[in-house]
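The two complexes that follow have chain A in common; it is paired with chain B in the first and with chain C in the second.
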Partner chain A sequence: MAELRKETSQEMGLHDEQLKGRTQKKFFSIDESENLTYFHSFDVDTSKSATIDALDMTPREINREIRELMEKGIGDITVDNPMSRHGVGVGILNRLNLTFSDSLGYFGCGLIDGPNVHIKGRVGWSCAENMMAGTVVIDKNAGSTFGAAIRGGDLVCKGSVGARTGIDQKGGTIIVGGKTGAFSGFMMQRGRMIVLGDAGMNLGDSMYDGTIYVGGEVEELGVDCVQADMTELDVRYLTEKLALYGMKTPRGVEKMQKHVSGKMLWNYANLEPNEKKLIL
Partner chain B sequence: MSKNEETFVVGADGLDTDREQMIGQHIGYRYDVNLVPDLKFITPFLQKYIEKMGWKDLNWLEDIHMGYEGDQAAVFDRNINGWVTIPDNIKLPNNQQERDMIARELLVKFQMSENHPMVDLNNAYRKF
Partner chain C sequence: MCGIAGIIHKKAGKGVNIGQQMTSMLQALKHRGPDSTGYAMYGKDNGNQILRFKVAEAADLEGSYDIHATIKDRLETVNSRLTELGVKVVKKESPTEYAHRYEVEFSGDMKKVADFVEDVEGVEILSIGNSLELVKDLGDASVVSDQYGLNDFNGTHGIGHTRMATESDVDIRSAHPYWAYPFSDVAVVHNGQLTNYWTNRRSLERSGHRFSSNCDSELIAVYLADRMSQGDDLETAMKGSIDYLDGVFTYLVATKDQLGMAKDVMAAKPMVVYEGEDMIALASEEVAIRTLFDHRIETFDPYHGEVKVWQN
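== the complex of A and B ==
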């Protein structure tokens, strides 16, 4: 096996940082500032707008152009002719109003933290994957693994979505106006999923925590997903949340079904083989 | 922390659940992660923050709750993967919704501070 010589690793820049140990104790005063955005984010003005014609641009060029416009302080950007390109609108860690005038391909708007995105079309697989904060609203349908591993923010699809919606969801709110496919909420750990239409088989399979509200019919619940009682706070929350996006459930919010984790899989690794059989 | 506050934060069973005894430490996130927020308790600072961001509700802060680390109330900061303890001089109300709002405000102030560890990381590793 080839050895990594010291000189080579230095050339690769692996010795630049000073390692000072793992524990950090940072102090700050709660009154020190009234800053409302990340310290390293661009100071944008949402009253300044710009349009990008993406007809002949690569995804990388589109993303770079969005970034350069933010650097100039533009806070309202419209991308025309996105042509269903993949990986567009990703990695935006800034407040921003971003509009796509048509459909996006795979992995659109992934890894974002803060922007308000409106997509006037459809999206492919894994839209808003690992989203941290902000809002993403899609006017039409979405593909599979919609909002995979989302950690925060509101992800809204006004149409129907494919399978494994919100797989590994760790926070945030996913709202689906139509139907959702099989294994929605698979391995969900936290957050809320609101499906106004029907849900496919194995809803909430192996979910650890979180809440799934369904307005239509559920084909089948997954392992350790159980029905729970709606509370007055749930009803008020759903009413307010859906009103933000102009959405309604046909039978009314009070008639929605609430699903949570049965918590039989908690500490799963510590269970005896016989106990595992009982659960599964 | 008073007995009432301890019961409120960690539940009636206290800190010594079987699971905690087995792993030898307190599970810091023992609070109701499914509790939906009650917006009537929102603080003026949080209201200003969500208006600045162009949101109409708490957005990602819906998932922020007052937790407990060691023997102090704390809020978990996902950006540093660690707990931020609540200063002793802040009196915590006996209502989870109000406590959660305090946790959210503190977390936002910490994350937006120039003393946040992410600022150092950003300076050290930012590529463009």
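== the complex of A and C ==
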């Protein structure tokens, strides 16, 4: 086991507290195979299907059942009767076709990295929070903080969503077929948000970077958010992206409004080249 | 955090078992607030006034040797004061030792009755109305519902609350709903925190309004009562509350034939609405509304600063 390196501040006696917690106790070992694989990531076959009837199951039981099916290599799972339960379909770190036949509650499909999820209903607050990759498509409406802090993938709501959509968004794409509420794009850092309907007040408030396209009316722009000119690239991107999900805006993508950050973060220019690539 | 829920039937006829429906929704919201549960439900108006009041806190029963005698004394004083004011009690029920339901015949000033009864130490009027029945106690919805026999309550609409105490104590006094004293049949439940509570409370108290608790949510009920006493209809009063109240909130208010919902300008607190042809159901989470259906439903989230009112 590696030893803790003493920092200069500790050597000077500025603090002598005992460090506790998992990160201090467990160190990386090349001999432990789990350190070289993605925890709970499974190799699945999407031609193998299974259905779960979740009517009398708790969220934990539903998630465990999904995991056990993935362990067996099943790559196409349908969950019937999710009954708007919270925290379902979370932490899936591999490719998977996952369908929910009805609505989900809060924190549905959070912390995912790779699956293609289809929800044939609505979702509550914080759907797909911290999503890394994959797609989540919702047929109906969504609650607030939709796609909070997502880092990648496509998160699509064909209906309207609540307030603070894409708060702290760090990448990926959020697409909203209807309206979005107040403070959408709050503290947005990267990625793209496409709203085909109207946007509520304080759109893009305190955003660092990223792009917000709005097809309807914007109630009010937030601090640091400014309108920018649509380019040919924007039009082409929007046309192709929306076509992927069979969506279009009534007035045409050419007439959408584009919004970006009006201020550069003080150390933003100091990003490493590979980080800049992620943004572009 | 707290959970709130409401339901209104447009075609209730002789009444629907809203007691069971509200319990079902509130029990599904238990994780949002396990400290206390409250109901404001609207039943059939038979011409009499219904007086719900308590003469002690549930916790008092464990804290004093002579509490049983005290409760008896308080109840006798309440009865004598009602008689003194000419209030005829036609039916008495006591779901618990400390909580009572009187059906009364009285056509005079109910504010005067409320003030005189509440003047008895330890006594609090929970509600007065022709159809409003306000019940609140410690525990989750199934406990309170069983305790007060609400599982077969027939009515047209109701609102309810599961409380996670943040700003005041875990007691019945601080539990929701709040009756909009002195208005008959008006009650409020709230999810959120109000940051201009004390400033506005002092102002309303100077205008002659009374507060029975230190819970910020009571401000909403008193404010609405104040506005309606000055001629506002419910919707106008609720729209005024959006600017008057500072903080984060979603609240529900019910009157004899209306159910209203208001959300703050930042839309910081949740609310999901189901609007059917015959019934409207609202709750902090869809999981609560979903307990009423065995099929897929369409729901939506109201937006910031939005006020909605439904009529039965």
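What we mean here is this: the second predicted complex is superposed on the first by the 223 of 280 C-alpha atoms of A that agree within 3 Å, B and C clash if a C-alpha of one lies under 4 Å from a C-alpha of the other, contacts with A are read in each partner's own complex, and residues count from 1 in each chain.
Just so we're on the same page, contacts are C-beta pairs under 8 Å (C-beta built on N, C-alpha and C of every residue); 3 or more make two chains touch, one makes a residue touch a chain.
What you see is a predicted model, and the numbers here were worked out from it, not measured in a lab.
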- Query: Can A:Gly200 be said to touch chain B (first), chain C (second), both, or neither?
  - Reply: second
- Give one of first, second, both or neither to describe whether A:Ser103 is in contact with chain B, with chain C, with both, or with none. second
- Check whether chain B or chain C contacts more residues of chain A in the superposed model. B
- Task: Check whether A:Lys241 is in contact with chain B, with chain C, with both or with neither, and answer first, second, both or neither.
- Result: first
- Item | First, second, both or neither for A:Arg122, with chain B first and chain C second | second
- Contact residues common to both interfaces of chain A (with chain B and with chain C): none
- Query: Any idea which chain C residues touch chain A in the complex?
  - Reply: 265-268, 270, 272, 285-287, 289-290, 296-301, 303-304
- Message: Under the stated contact criterion, what part of chain B meets chain A in this complex?
- Response: 19, 22, 33-39, 45, 48-49, 52-57, 59-63, 78, 80, 82, 87, 90, 106, 108-119, 122, 124, 126
- Mind listing the chain A positions that touch chain B in their complex? 17, 24, 26-28, 30, 32-40, 46, 95, 97, 114, 116, 132-135, 151-154, 171-173, 190-192, 209-211, 233-234, 236-237, 240-241, 244, 260, 267, 270
- Item | Complex contacts: residues of chain A adjacent to chain C | 83-86, 102-103, 105-106, 121-122, 124-125, 140-144, 159-164, 179, 181-183, 200-201
